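The structures considered in this document are given below.
In the two assemblies presented below, chain A is common to both, partnered first by chain B and then by chain C.
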Partner chain A sequence: SAAARRPWKLFGAMCLLRLPRITQPLEKEEEEMAALMGQIELEKSHYSDHEIRKLEEEERLKRRKESLYDEDEAPGKTVVMAQDLEDKWEQKFLQFKAAPRITDADKSNDRTSLNRKLDSNLMLLVKQKIGTQELWLLPQVEWQPGETLRSTAERAMATVLGDHIQAKVLGNAPYGIYKYKFPRAIRTEDNMGAKVFFFKAFLQSKDLSQAELKADYLWVTKKELGDYLKLEYLKKVNRFLLD
Partner chain B sequence: GALLGCHRSYRSRPTHGIGKFKYLLPKEAPKKRKDKVQMKEINAGTEYVYGDVNIQMTSYDLCLVEHFAQYVHKLCNRLSIRVNESYAMPTKTNEVLFLEERGSKMQLDAVLTTHQRVVQISGLSSTFAPILLEIIQSNQPEGVHLLVKQHTEADFKSRLKSRPELEELLAQMS
Partner chain C sequence: VAAETVSPHALCSFSFCSSWLPQRALLRGSHWQSSLLVLRTSLPVRAQPKKKKKVDVKREQAQKDRMKKKIKKLEKAAPELIPIEDFITPLKYSESNRVRSLPTLSPEESERRVLLLKKWCFFKQKQDEAEKKAIKTLVESQQEALKELRLESEELYQAAIRRDEGLFPFERDGPSYTPPLPGYDPPEGKCVDITKVYTQ
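Entry: the complex of A and B
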């Protein structure tokens, strides 16, 4: 029957992504290739200014040691030798300490912190009550007529995390859709089931210390999604996730 | 004996000039020096098609930035997005001086060069734009800043050099 009011309920869900902060470690072949290319480049390249200066100074030192005449080397000047510069730079480099790639949160496998898995995308999962069950899913909120789906999704994000998150939604088009019918007990003529539209947003701010409200949230990678989501839902969600 | 059978298209032979074709093509007007190209496409409406979009990549490391620009260019070719131009902005050299005061004032110098590459794209549909942005963002190498913005006249003018003598003469005339 061609009814003007469709019997589907509409939901907008937001998939909040935290982009990776470090590049992923290279595969074995990639590392070998990189080493080979580096060596080829080194052998093909010319000397830089600093290296030419260093070689000249080494020659000068050698000549001074062998024969004791000075040959107007301008001995009055305190010349900073290239070797000294190199030593200074080496020392500075040794003092520098890089931040660890595998953080504490990784070791303790604390899935609620944002500092885990710095080299992959992290997604926000929330436990919400649908009908009678409590399920893990991407935060979703029902669509109200007169509102665009994108603002529904942004509202979903705001209800879970509070208003002060800096997340950027890139486009107005949804990334995926999940359709399900209600179980026969609740199904009526007007309420066949629900359609959930997924949107993607990228987290801009580094940490969310002020924002976390309701409990039961997790930040998971794509591989760990399988532990929490139901199969059908997972299939549709995996379709729009890049790794 | 085999060489005698070779008929070169020499000037005395009737086959001289057999491969020429340029006389068949339409005549091109000689190119003028002034390139004042300003193209702006439809931006509003239900059919969202962006006009010229500039993807600017800046970094201190030259090889990284160049390779990344090449990668973005090839990606757009593969996805059949029209690439108008792919150019480099002039490099900026910064001298970093450390003034350490530990009794004797030392000045350690470091010379940093900032390189910038721009890839200009047109004909990007709004349904595809977020996907492209996400791909480029997730494939960004370390140390490269990415900036995607629409092409404006100011961007176009920043590539041209200012001519102080010409401006002086114009000011004198008017």
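Entry: the complex of A and C
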């Protein structure tokens, strides 16, 4: 094109999010409020059929104990009482064992596993070589003429995780930008620095056993990002992460 | 029924019967008259079929029009509203034996409740403000990125602000309380739908 070539290099980076699989634990106020709401609902309600049946059977038992003769029920007939039903249901519930909310990966703090921290978003971080340094950052790849920035970001994701990954990219527009100038040693008139455009995507494939991960990678939550990312980079990334 | 066309037989019998002569007993008005004592009650039937057709056709037409008018009136009337089952309390739940008997609230309890509601109000306000702030920073960050992109190249900018057709409708199952149990075998059973379906 006739326009002067801009001195900035363009990079497309992908922020791949694994969405939470379980609900977050309730805060103290939320728990107190939930208890109060339950109590108010109980006070305002009427007896249900099951409760009426229970009350009547209790009455009948009391009367039978006080009086000496059986009422109208033949002694051989077995009647299922509401209390028996409740006990049976309780037993059945106790027999069921649900999957634990805190997984093994949580206990061992295995940060490469996707099964960790099931109640929060997990982001993919990779170790890439920028200039002379090996840095932890969101997977990025340089933009090539002829493709949109979104496809650059998708290519970045494919280079790290392989082609068979299913992710829903949230729109064509970038979510954030990180601009930096090259160190004075390599900075020239035509090559001042780089602009990294961030895109967001939701991970949709269930497991990544098929993925061929070449580089070092980590799945971290928003709070743990600070352990790995540089300060300026972290500031820009935190702006577009909702948690 | 008035006779429109009078046959010549009928005419001569009429003139004969007007004068009460004894000869009348021996003669009949026409060969169509079967008995001697009876005055002609059945006129020759040649003209009758034509009259029947016209009158009947008209009558049937009038009946059909009346039926059509009735049907139109019924159709114009507003369709019957479908009752919303949730809003109609069945009568058996308003019996007096259903009312719960609980102890009344102590003043400490009501005081605690009011204070808890106020704390909740404050908690929710803070949560809402935090959410709105997060959304605002996200939008600002996106605007900044788009501005920088525009400085770089107009073509990439136009590609970025284009609408993403494949994004919506976006469906996702929400989080549950416990993660899915691997190798869980749910109990067998059939779900029978007994909701009442109303037609208008």
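The rule is simple: the second predicted complex is superposed on the first by the 196 of 243 C-alpha atoms of A that agree within 3 Å, B and C clash if a C-alpha of one lies under 4 Å from a C-alpha of the other, contacts with A are read in each partner's own complex, and residues count from 1 in each chain.
Convention: a contact is a pair of C-beta atoms (placed from the backbone, for glycine too) under 8 Å apart; a residue touches a chain by one contact, two chains touch by 3 or more.
Every value quoted in this text rests on a predicted model; they were computed, and no experiment measured them.
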So, A:22: does it touch chain B (first), chain C (second), both, or neither? both
Which partner does A:223 reach: the first (chain B), the second (chain C), both, or neither? neither
Check whether A:63 is in contact with chain B, with chain C, with both or with neither, and answer first, second, both or neither. neither
Going by the contact rule set out at the top, does A:107 touch chain B (first), chain C (second), both, or neither? neither
So, does A:119 touch the first partner chain B, the second partner chain C, both, or neither? second
Chain A residues touched by each partner, larger count belonging to chain B or chain C: C
Let me test your reading of the model: by the given contact rule, A:174 touches which partner, first (chain B), second (chain C), both or neither? second
With the two complexes superposed on chain A, say which partner A:235 touches: chain B (first), chain C (second), both, or neither. neither
Which residues would you name on chain A as touching chain B in one complex and chain C in the other? 19-20, 22-23, 170-173, 202, 242
What residues of chain C sit close enough to touch chain A in their complex? 93, 97-100, 102, 113, 116-117, 119-120, 123, 134-135, 137-138, 140-142, 144-146, 148-149, 151-153, 156, 159-164, 167, 170, 172, 175-182
Chain B-touching residues of chain A, taken from the complex the two chains share: 19-20, 22-23, 88, 121, 170-173, 200, 202, 242
Note: in the complex, chain B contacts chain A through residues 108, 126-127, 129-130, 133-135, 137-138, 141-142
Give every residue of chain A touching chain C within the complex, in rising order. 6, 8, 10, 19-23, 27, 29-30, 32-33, 36, 42-43, 45-47, 52, 98-101, 103, 118-119, 148-150, 168-177, 179, 195, 197-198, 202, 236, 239-240, 242
